[in-house]
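One chain, chain A, appears in both complexes that follow, with chain B as partner in the first and chain C in the second.
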Partner chain A sequence: MNDGASLEILCFRLGGILWGIEADQVERIARSAEASDAPLLDPARVLGVAPSEFTSGRRLFLRTGSARVVLPVDEVLDLVSLSANNLAALPPLIAGALPDHRIWAVGKMGDEILLLLDVATLAGMKQSSMAAGELNRLVVELKARVSAFQVT
Partner chain B sequence: MRLRTKFSLVVAGAVALIMVTLAVAAHTLERRHLERLLRERATVQLNLLAQTSGSALYNKDMTFLAPYQIQFDRDEDVVFATVRDKAGQVVVEVKPHPQTLPLHFLLEQPVQVGGETLGSVSLGFSRAKVEQALQQGTRFILLGAAGGVGLLVALVALVFTKVAVVPLNQIAATTQRLAAGDLSARVTLALRDEIGALGGHFNAMAEQLQAMVERERQVKTTLEQQVSNLLQVVLAASTGRLTVEAPVGQDEMGRLAAAFNQMVASLRTLVGEVQRAGLQVSSASAEILAASEQHASGSAQQAAAVGEVTATLEELSGTAAQIAENARAVEGVAAETAHSAQAGAAAVEEAIRAMEGIRARVEEIAKKTLALGERSQQIGEVLTLIKEIAGEIHLLALNAAIESAAAGEHGKRFAVVAAEVRRLAERTRASTEEIRGIIGEIQTATNSSVLATEQGMKEAEDVAVRAGRAGDALDEILGKVDRTAQAAKQISVATQQQRTASDQIVASMRELADVIKQTAAGMKQSSMAAGELNQLAVELKARVSAFQVT
Partner chain C sequence: MAAGEEMHLAERRASLLQQAAAAAEALEVREEPGIHLLLFTLGGESYAFPLERVREVVKLGPITSVPSIPEHILGVMNLRGEILPILDPKRLLGGAGGTPTPQGRIIVVKARGMTVGILADGVEDAIEVRESMEPPLAILPERQARYLQGQVTHEGLLLGVLDVETLLERRG
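On to the complex of A and B.
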């Protein structure tokens, strides 16, 4: 673990993609059946992916400042400590194509790309104007591009 | 050697003996005469040499002897001349000894002067001239004697021939003619001496001989006539005409004819009897011949038939032996088959038992396998529970970790525990997944095992059924093999008996064949004998028929 320069990231799987959120922005993890006292985000709308019907599923209670949202996910994997050196900013072309900063960095876990989500942006875009289809297209493109990109 | 030659040789020998005696006597006398003359001459020479040697010895001057040396050198009759002193030493050789001494005689004389002996002289005198003269005389005598002898012998031979040889030759020639059969030959000599008398006696002997021969000729003619008559009768009889009869007389020939007539009569009787007997023999031998030939042909047929029967029986015997052999082989094979079938039946029973055992085991296995499947199902349920629990633990551990992270520095120790718990939950989940996989495999395996055991059970049942059928078939085979073996044994025994019987028959047939062969040989001999007898009878008949008896 690097001194000060490392981040605690909670990794989870949603729609077949590996995502990550900083641990201090996660309030708790709960079962899908549990009732939520905060707004529930639609993954298809905010991330362009749908949760799998076959997984038991979890709900992440997220919090940043005073804002609180709930994101349903397929599977919570682990809490990992990532060095800042293992993180990189989005390539400018992709960053330019996105309307906001909901994905603020990319990392690598094993052979898989880890997309880091910004909770503040997710909380602020409850009513996103972005079409789910377009976002989905963008994510696929991103995935393709990022796979060719080497993270140092 | 001829008589004249003999006589001439005798005469010549006698004359030669006389001549030689005379010649030897003349030779001896002449030799004596000549030697006396030679000795006289030699003595004269010796005396002269002695006298001169006396002077020379006395004067001791040998030149006195020089004239003798010259004289003796010329004289061939003097061989050598030597003068010696008193001691006998040679003083001088007046004529030295020649290398080879010719035939000579030696004369010695002492040399005396005034009664004193001074030495001696010796003289060798040659006899060559005497020998030469004697040889010439002898040659003359011998030549004269030879000539005289030859002349005398010729004269004697001439006279002897005239007086003796010619008359003797005439007698000899006459004798030769007489010996050759000329009985009219006679000697014609007009001599009154012994040879003339011999000729007369010879002529008388010839006359006597001629008369005797004439008488003998007359007797012979008569006898020849009688013999010729008898010969005609005998010739007729010899051709078989035994009815002839010779004329009988009182003389010797007449008695001979009577004896002949008697002989012919006896012969006539004999031939008649022989003719009758010959006829009987002929008919009998013909019958025997026919019978024996018939018998011989019958025997040959019998022998051939017996030979065929024997051959057939031998073949039959061989076949029976082969059948017996085959039957024995079949018996052996049947025994082996029975053994194999028994072993097979036992094996089949064992197989059925084993199959029953296998079926029971397989059933048990199937039951156990089903139980195993059920148990693994239960394990799967338990695993789901464990997995859920592990998921819950994982969730709790994650939340704890988040809390500890939020607690900052104070939550760090707690975070370590939470991470450990999380890892354990994760491992438990992975293990449950692994176990689930294994259980899935076990369930798959048990399913296929159950299927396999069911199939195995079915097959085992099938096999048991088939083995049962095989056992039945083997039992049936066993029964049939037993019957086959018994049949083969019976065949073997029967063929053995048959073989023994046919062997006995063959032996009997061989004996029969031998007997027939012997009989045939006997018949052949009989036939031959009958044939010969018949031939003899025919010949006898032919011969006897040449005689005329009536």
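On to the complex of A and C.
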């Protein structure tokens, strides 16, 4: 945030939708091939959208507090400054239908609407996906042990 | 005038005034205003909203979809700076939904403390119906009947009056 009255937002497209993230939560933008030690989010799982197969793709390296995650996107568009007049809370009908607080507000850019993502919620999803991954790893290991036992 | 005659006159006047009051009351009942409705079409069928629930009708603008919400909520629309959720009642009533046509309109309604846009294939007219609203016909599928406040007859057609409150109920 550059002052009390506006927000710097990085805009990008993912799954045909215009999204935004507060610029101070974006560490850097990299090509898809670049390796990272931060967990890579699956947009289909965490946002319900799939990146287009036909774009080169970029990855946003995001940080909030001590949490870091990487989000693949279709296209990085621009850095925009949104004043309070161009921000609005998510309508209650939509907020109540979402499973969590992944979208904390919307930005108004003419006729287009920007869905503003909450990085902390995305980072929380990363933790639950790691827990599920760990469980899967244990199940695979257990199955391997059982089949080894059956063979002997 | 004798006392008995006076009493008779008073009784006659009282009786007449009582009849006049009853007649006026009956007239009031007859002159009770009808039901004001906004007629619109969904998938070739005519439906109505109580006019008191309708704030305005606007042309269809760009709708931004929001992933991970129920399919009957199409997304959000920017109406003169106001962010409106847009709902497709066809998907609730058992229809397939589909691509909005150029005749498509957004009926902006208010209920449950919310303002919501309802996608209609077209808006026909605002009417006044004198007859009372009847409960939905028993032969209607439950999926449709649950969203109807009732049914009215207009120009020989039976119209379903949609219940805005039920349309906005939270569902998974």
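Quick note on the criterion: the second predicted complex is superposed on the first by the 123 of 152 C-alpha atoms of A that agree within 3 Å, B and C clash if a C-alpha of one lies under 4 Å from a C-alpha of the other, contacts with A are read in each partner's own complex, and residues count from 1 in each chain.
Simple rule for what comes next: contacts are C-beta pairs under 8 Å (C-beta built on N, C-alpha and C of every residue); 3 or more make two chains touch, one makes a residue touch a chain.
All values reported here derive from a predicted model rather than from experimental measurement.
Chain B and chain C, once both complexes are superposed via chain A, fit side by side. Contact with chain B, but none with chain C, is seen for A:Val26 once the two complexes are overlaid on the shared chain. With both complexes superposed, C is the one of chain B and chain C in contact with more chain A residues. Of the two partner chains, chain C is the only one touched by A:Leu115; chain B is not.
When the two structures are aligned on the shared chain, A:Gly15 is found in touch with chain C, with no touch to chain B.
Within the superposed three-chain model, A:Ala97 lies in touch with chain C and out of touch with chain B [touch as defined at top]. In the superposition on chain A, A:Leu47 makes contact with chain C only, while chain B stays out of contact range. Remark: least CA distance from chain B to chain C after fitting both complexes onto chain A is 24 Å. Against chain B, the residues of chain A that register as touching in their complex are 8, 10, 23-24, 26-29, 31, 56, 58, 76, 78-79.
Within the complex formed with chain A, the residues of chain B that make contact are 391, 394-395, 398-399, 401-403, 405-406, 419, 422, 426.
Chain A makes touch with chain C in their complex at residues 15-18, 47-49, 85, 88, 90-94, 96-99, 102-103, 106, 108, 110-113, 115. The part of chain C that touches chain A in the complex is made up of residues 61-62, 64-70, 73, 75-78, 81-85, 87, 113-114, 116, 168, 170.
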